[in-house]
Amino acid sequence: MAENRLMTGKDAIREALIEEMRRDKTVFLLGEDLEQATFGVTDGLIDEFGAERVRNSPISENAIIGASIGAALTGMRPVAEIMFADFLMDAMDPIVNTMAKARFMTGGQAKVPMVIRTPSGAGLSAGAQHSQSPEALFMHIPGIKIAVPSTPYDMKGLLKTSIRMDDPVLFFEHKMLYYEGGEVPDGEYTLPFGKADVKRQGKDVTIIAVLAMVKKAMMAADMLAGEGIEAEVIDPRTLNPLDMETIINSLKKTKKLITVEEGARTGGIGAEIAARVAEDALDYLDAPIKRLGGVDCPIPFSPVLEEVMYPTEDSIAAAVKQLLG
Amino acid sequence: MAENRLMTGKDAIREALIEEMRRDKTVFLLGEDLEQATFGVTDGLIDEFGAERVRNSPISENAIIGASIGAALTGMRPVAEIMFADFLMDAMDPIVNTMAKARFMTGGQAKVPMVIRTPSGAGLSAGAQHSQSPEALFMHIPGIKIAVPSTPYDMKGLLKTSIRMDDPVLFFEHKMLYYEGGEVPDGEYTLPFGKADVKRQGKDVTIIAVLAMVKKAMMAADMLAGEGIEAEVIDPRTLNPLDMETIINSLKKTKKLITVEEGARTGGIGAEIAARVAEDALDYLDAPIKRLGGVDCPIPFSPVLEEVMYPTEDSIAAAVKQLLG
Amino acid sequence: MDKSLALNLYATMFRIRTFEEEVKRQFEDGNIPGFIHLGSGQEAVSAGACAAINHDDYIGSTHRGHANLIAKGGRTDKMMAELFARETGSCKGRGGCLHITEMGVGSLGANGIVAAGIIVANGAALSAKLQHNNKVVLTFFGDGATNQGKFHEAMNLASLWSLPNIFICENNLYGEATPLAQHMKLKDIAVRAKAYDMPGVVVDGQDVLAVYEAVSTAVKRARDGKGPTLIEAKTYRFHGHHIGDPETYRTKEEVEEWMEKRDPIKLFKEKLIKEFKVKNTEIDPIEAKILKEIEAAVTFASGSPTPDPASLTRDVYV
Amino acid sequence: MDKSLALNLYATMFRIRTFEEEVKRQFEDGNIPGFIHLGSGQEAVSAGACAAINHDDYIGSTHRGHANLIAKGGRTDKMMAELFARETGSCKGRGGCLHITEMGVGSLGANGIVAAGIIVANGAALSAKLQHNNKVVLTFFGDGATNQGKFHEAMNLASLWSLPNIFICENNLYGEATPLAQHMKLKDIAVRAKAYDMPGVVVDGQDVLAVYEAVSTAVKRARDGKGPTLIEAKTYRFHGHHIGDPETYRTKEEVEEWMEKRDPIKLFKEKLIKEFKVKNTEIDPIEAKILKEIEAAVTFASGSPTPDPASLTRDVYV
């Protein structure tokens, strides 16, 4: 068996990029400031792969995504970086109206094997335009696969799969996870889309969490364990496809569901999960579903305000106790 | 009491624009091809209000929305038209990152009293980029009020309220409703946001429908009535704020919920409604929730394919019967 | 230019015109659903431009894309079937006029969002560069599209990265119902090339030879690694923005004048006869063959099955 | 120019510099959270430009907006409190550096999305036009921002509608870590004005008088109803893109050379003494007063309360 190394999220992503670029000459990177990247993910890659394959781009999000689509249509596997997920809004048209639909509109002639990597999430007092978690928006757009990894292991494995996938992928990297450590095996591995990961087993309540909220959910589960409550923590890892089977199987056991996300609660990931459960697994529930998420509010600069925007280990644990109580 | 006139949706919207522009000199229109409009809503308005207040704009959706925001910040009440709701994606950044957040980011200094009118919906074989119903996306963006009228009466009353509102409003006009007739009273009236309309009373099932789906739900209710099933049809009329009180009150009676929308089912309006019910009114349900919506698929050009994309009176009625078992 | 190429240019223009006029008839007869944007009047731009590139080069196209695709070699039977929304269509009836595409002949797709095809075309040019295969891309778009942010971003990127992309603006003087002077201050859109330190060329879009020459020069430049060119072809659409357009924004006289004096097909036919010494007896069979081809296209289209509703979600993902 | 205006220009530049350097210290001391973009080195652009307009005119601004706002008359105590994320801040601690705004002095808001402020500024200019109040707008943005589609759309609209908007590009040679030559081919961004049939002017952004003159001319033109102007001010930022920037993309020597030879404050102080015959004894009290003002701003900020968590959603809707 491969040995494990302790690695940050940033390095895990970087390693996935390096391995895939070495493996496949059609993989290349484009995006703003890749040589001295805001979060450092791509720093130095230009030394190995050259300026042809690590393409520092002007501040032109539409042109970056458009060029990625066109390159993907013609034999390349572009990995575009959008510097902050907030700036996806700047390229929403090519993402929604071309990237997601090209294959369908051409009756299957086209394929668009591209990845958009982008950091989402708050925690840096970066304010309303640099802290958003817009993952849920894209669940409503058929044609886009979506990855939301929560550990360095998942980041590396899912990014490698994303790059090899023939459908377009939106790959969210939570800013705070860039610097968190985790174990990553030596050697080659990939992770499948549509397969949730049960991060912790438990019988009393099912907590679905994504991205940085997985860690908070795990901390809450630890706290609850001290009080004799066994929470099962499930990380869907991809939002499209979404592995409802694992979620519903857990519910059969726990009969209680809490969803936890950082994006705005209304219209969020939890809404879709809750709705599917209310449609397909209502009978397993013996308590109301509880959705935790970002407050329906633009994200404040002030750290004391930013702190109260999001679920915490305490609020998750409190919600569980309320539900069980 | 005012007399009622039979009027199309297009004319009701047009009348609201005319009345508000006469009433308030700060109201003005901008958008593409307003003089010979794709759906004719603004045709001829330039004759009364002149080219200063009916501003034909270049194909620059970002500039149109940006100019509207700036004008709204400085004392005007712009009503922007985005020619097809699909093109909202072209101006997603100013909508999401500036319009929705300007007030909050300035600590309440700013207000942005503007309206974006835009036709959504399918039915014209206009294909994947001219037929979308993206209403649900904006529920996930705090800071935007959203109107989704289903009758000429609602269109006129809600548009007048929208224009007078000090928050930014996204006002969706379903293309097929432009040409549907309905009663509109003579004389002044407005309709409130956040107040659902019970379009038909019933005791056996609650059907929530929006835009063009309201009519289909009503037709389904008629069909069901013939079989002795009394469906209550509720039109939320605005998605933000969303009147959950009326919905939950209805559920107390019917104990069964079906949501019907034209936008993609996943991450749609029904997801949010279902989630809120699963959180706050689970005990009233005595059957699974049923969400009907657009298939999770780009919209095909082919009429025979387009037809099977959406809920119909038949599929709604069938879903009710399945639910009632 | 040799006579056979000239005759090919003529045939392409005649094929486009015949196709478009037939589409109009079929639409008016109720056989074609949706919104249809015709290219009649603008044939010389597509024909001249596409004659200057190879089969394995690419084109990017717009909502007004029939002419671009025919000139690039698109099959008119599949195209007609596409407009009829049939399973045998270029896009299996999923795309229609707005998205008409035949990737096998190098089309990157007609894009119904104004200017959205331009940014995508850059990507194909980038592929050519990264794959060192010396291919080029022709990107067609309208005058109205040049006011879109995407046009600007694409032009800057192409220039900066010396992409082998030739930007061809079909300036037909209107964007939908809006005349040029109501959407920009410039008279010559080619001036916009200066903003990217890119060559900008104005060409008579009703003169197929002039278009061919201008594009050939730009293609050579692109293949030599010297980067993109903006070509503005002054042209005119003979029909409304889409079929059914009330055309309140222009006069009948204006349209008639263009049709009479500036019809690219008439003009080139005269030139063929006068300057290329072509005889009518050489042209007639070409026309006859094309008329038959389009007739057969209609037969093919109308005889083809509509898509199977059960196949709706077949091509959402690979 | 009279001496008192010249002294005002100097005071504004000195106020900006003092504020920015204090912000840097406070950030490094851990009193300011978030990402901070400083305007040191670029003071002459804001000072010269804003001196050319009235109190009730508007400015549009960017992520690098402190200097713009101070020059427009923003209160440094509220600004400092904003950066400290306090309830007494210009935006009650909700905005921070990226969104620093004082609407009462005519700021339309600093916008953290590159080029997003430009399209909004047009709207204020449109208001001025519709309200016939003869106001003008100055829109500040960087060199990098001119590659954004929004810049293009805004320029075209402003030109077409003759909006009283003066576009001021602070070309500091870098967009974040990307040098100009890596983001466009042009040397002079002012050339881009041609694409809109708009005047484009290059000005030395380290020369506050040159900026003042150029902007005054453009303001007159705008108030006369003749429409917008693009002014490119060549300038330089003395610090990194944000505090903490490793600055791998430029040499220490380059930075030092600008600081030594092209510091707009030093240069203007020399001019004040040489050409305006100002004595040091006139300048000293101005500087002293400003130093005190900024000291007081820090005291105000650090003594102010943080926002009440219960007030989080107060200003989402009116």
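Each chain carries a letter (A, B, C and D) given by its place in the written order, and its residues are counted from 1.
The rule is simple: a contact is a pair of C-beta atoms (placed from the backbone, for glycine too) under 8 Å apart; a residue touches a chain by one contact, two chains touch by 3 or more.
Since this is a predicted model, take the numbers as computed values, not measurements.
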item: Selected interface, A-D versus B-D, where C-beta contact pairs are more numerous; value: B-D
item: Computed distance of Cα centres, chain D from chain C, in Å; value: 45
item: Chain A and chain C: spacing of chain centres that average the CA atoms, whole Å; value: 40
item: Rounded Å distance between chain A and chain D, as computed from the means of their C-alpha atoms; value: 36
item: Junction residues of chain B - those touching two or more other chains; value: 57-58, 60, 62, 86-87, 90, 93, 97, 104-105, 127-129, 142-143, 296-298, 300
item: Residues of chain D whose C-beta touches two or more other chains; value: 91, 93-95, 99, 111-113, 147-150, 153, 156, 160, 182-184, 316
item: Arrangement of touching chains [line / ring / star / complete / other]; value: complete
item: Partner chain C, residues of chain B touching it in the complex; value: 32-33, 35-36, 38, 56-60, 62, 86-87, 90, 124-130, 295-298, 300-305, 307-309
item: Chain D residues within the chain A interface of the complex; value: 33-35, 85-86, 91, 93-99, 111-115, 144-145, 147-149, 175-178, 182-184, 246, 248-249, 306-307, 309, 312-313, 316
item: Touching residues on chain B, where the partner in the complex is chain D; value: 26, 28, 52-53, 55, 57-58, 60, 62-63, 65-76, 78, 93-94, 97-98, 102-111, 142-143, 145, 165-167
item: Chain A to chain B touching residues, read off their complex; value: 86-87, 89-90, 92-93, 95-97, 100-101, 104-105, 127-129, 134, 136-137, 139-143, 240, 263-264, 266-268, 270-272, 274-275, 277-280, 282-283, 285, 287-291, 296-298, 300
item: Residue numbers on chain C that touch chain D, as the complex places them; value: 147-153, 156, 159-160, 182-186, 191-192, 194-198
